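As written, the chains take the letters A, B, C, D and E, and residue 1 is the first residue of each chain.
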Amino acid sequence: MADLIIHIAAGVALLGVILASARLVVGPTAPDRTVALDTLTVISISLIVMIALFQGRVIYLDVALVYGILSFLGVIAIARYLEGGL
Amino acid sequence: MEGYRVAGSLIALTGSLFLFLGALGVWRMPDVYNRMQTGTKSTTLGSILTLFGLGVYQPEWMGQMLILMLFIAVTNPISSHALARAAHHTGVPLTQKSVMDELEEDVPLPTERVLEETLSEGEEQ
Amino acid sequence: METIMIILLALVMLAAALATIHMKNMISAILAAGVVSLFASVLYLLMAAPDVAMTEAAIGAGLSTVIFLLAFKKTRDEEVENG
Amino acid sequence: MILGVALVLIGFWGLISRKNMIKMILGLAIAETGLQLIMVTIGYIDGRTAPILDGAVNTLLAVRQVVDPVPQALVLTAIVIGVAVNALMLTFVIRLYQKKQSLNISDYKDLKW
Amino acid sequence: MVRRAFSLLLILALAGIFFSILKGWTPMTELSGVARDYVANEKEQLGAMNLVTAIVVTYRGLDTLGEVTVLFLAASGVAVLLRRKRDEAAATVKIKRAASEIVTTGASLLSPFIVMFGAYIFLNGHLSPGGGFQGGAVIASAVLLLFLAHPDYKLKHAVLNIIESFSGFAYVLVGLLGLFLAGGFLDNRFLPLGHFGSLLSAGAIPVIYVLIGLKVGTELATILENMKGRAL
């Protein structure tokens, strides 16, 4: 029961991945694409935690921690470039 | 035990629904700023709920989940703020439906170069 | 579930890679390359290689994108300086 | 596996068919990712788990429970080297740009300058 | 046009080669001989929980030495090529837009945590995924965050140089100690193996990984700084 619900949750998150990456490919301007990248990184943190749960290994959470800390760096870098401060 | 698991997975399902709604908003909204709205608020809430739910599901992972939630709650607003500032600075137009633009007089005129580079797809080659 | 995940992530990666090659706007291309590296990291995790996934996450997410951006910015700056 | 091959092909196509030098290096980076993915896939064995001997893996039965760690170790160093080499190539691009003010590879036809 | 057709032809040939390789490929069902040996005997021989770490640091230690050398060469290549004369640098001062207050505050708040997390990663390299390369990259990311928040931020070159040279030297020294006191170059058994799974175990592997982490971190930070260029 509980396992099934979590699998459904992973499926829903995957649908989100599809939509956000469609925006990434289509998006008319660079800020649009950056927003999509931001959304994708946050969703993939959740996906990584779910993978860790499926495979039953605590150690995979460290990867999610690295993501949680570093994923916003790329977005800030692009934002700083766009506003001319890099 | 089983009750905890079902409760945790239900919370996780709610969170991933929010993630999905955030992505849907990123796809459907009319301009950058609205997209940023859904793409940040909704996904922050969604991922925090997901992590919390999985922490309830697997109680011994709760510590790491709390650290992760803390980091997401700190870093996500920073990045979205920087991005919104950059988008407004480069002069990405607001949608026709917007009512007001409070930052309007705040913006120094963007240089022609940056504007053209950001908005146009035709460059090089 | 995991098979579906692998196939879907692979498709997204291919789309992002093609986008990288085809986009005219350089910033968008660099961004799409960042997405390729992001999903590569999730795929490594699915392939039971957490060490590699962590390296890809630490290097692909921040450093590599920024190095490309810095190089691009440098060429742009020179162009403005010299008319 | 197929994905890795496809990525390598796309990367090389980008390397060959584009004229912008930064775009070429991006293509090379994608080809790199594809090769690393191929190597990890070679080491992967279906139904096994990561080669870290904590509570989830019985140490005595580890030979039948973990995937091949050798390709992973090789890929680990390959990624770090890849970033350093990309940085070096981009540096060359910057220097070339300072000479000629152009990113187009076709402008660089001299044998010596 | 000819050029395009030629490149397409080349790609098709490459695809053909890959396809012929792929046709005969079957997924492994068993570990290969070397890997089986590593997996079976690693616990008694080296005592590290993370097999990848054991292979990177010890069994394939010479590869890692070469890798660090390549990294060093790339970093110094970037430094040499982007070097500028002083008057030239002074002539090209540009006004950069300052980061907003939220970004600067966030950067100064987060960067100590990121450095601490990097240290955690390479100290636990033999227990959990991670190690010198990842930890070094994370530390370089902290430096990068500071660069993003303060465009004029300067690194202390003397300290960086000392750390880099010291860690490179100590890495080779530890390798030689292994050669003299234990089985071979970069052998970790001149320190006691300790209790399997605790922080101070696996002989010299944590020491070697900390050195690698320091070296990789400083080198990536140097590359970043050189690519950024001196703002003033």
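In this text, a contact is a pair of C-beta atoms (placed from the backbone, for glycine too) under 8 Å apart; a residue touches a chain by one contact, two chains touch by 3 or more.
Computed from a predicted structure; not experimentally measured.
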Chain nearest the overall Cα centroid: C
Between the pairs A-D and C-D, the one where more C-beta pairs touch: C-D
Chain C and chain E: spacing of chain centres that average the CA atoms, whole Å: 19
Gap in Å, rounded to a whole number, between the CA centres of chain E and chain B: 31
Centroid spacing, where centroids are CA-atom means, of chain A and chain B in whole angstrom: 10
Centre-to-centre distance between chain D and chain B (centres being mean Cα positions), rounded to whole Å: 29
Multi-partner residues of chain E (each touching 2 or more other chains): 50, 52, 97, 99, 103, 110, 121, 128-130, 133-134, 137-138, 141, 144, 220, 223, 227-228
Sequence positions of chain C contacting 2 or more other chains: 25-27, 30, 48, 50-51, 53-55, 58-59, 62-63, 66-67, 70-71, 74
Sequence positions of chain A contacting 2 or more other chains: 10, 17-18, 30, 34, 55, 57-60, 62-63, 65-66, 69-71, 73, 76-78, 80-84, 86
Complex contact set, residues of chain D against chain C: 3, 6-7, 10-11, 13-14, 17-18, 20, 22-23, 25-27, 29-30, 33, 36-37, 40-41, 43-44, 48-52, 66-67, 72-73, 75-76, 79-80, 83, 86-87, 90-91, 93-94, 97-98, 101, 103
Residues on chain A engaged by chain D in the complex (per definition of touch): 55-60
Interface residues, chain A side, partner chain C - complex: 7, 10-11, 14, 17-18, 21, 24-25, 27, 30, 33-34, 37, 40-41, 44, 47-48, 51, 54-55, 57, 59-60, 62-63, 66-67, 70-71, 73-74, 77-78, 81-82, 86
Footprint of chain E on chain A - complex, ascending: 59-60, 62-63, 65-66, 69-70, 73, 76-77, 80, 83-86
Complex contact set, residues of chain E against chain B: 97, 99-100, 102-103, 106, 109-110
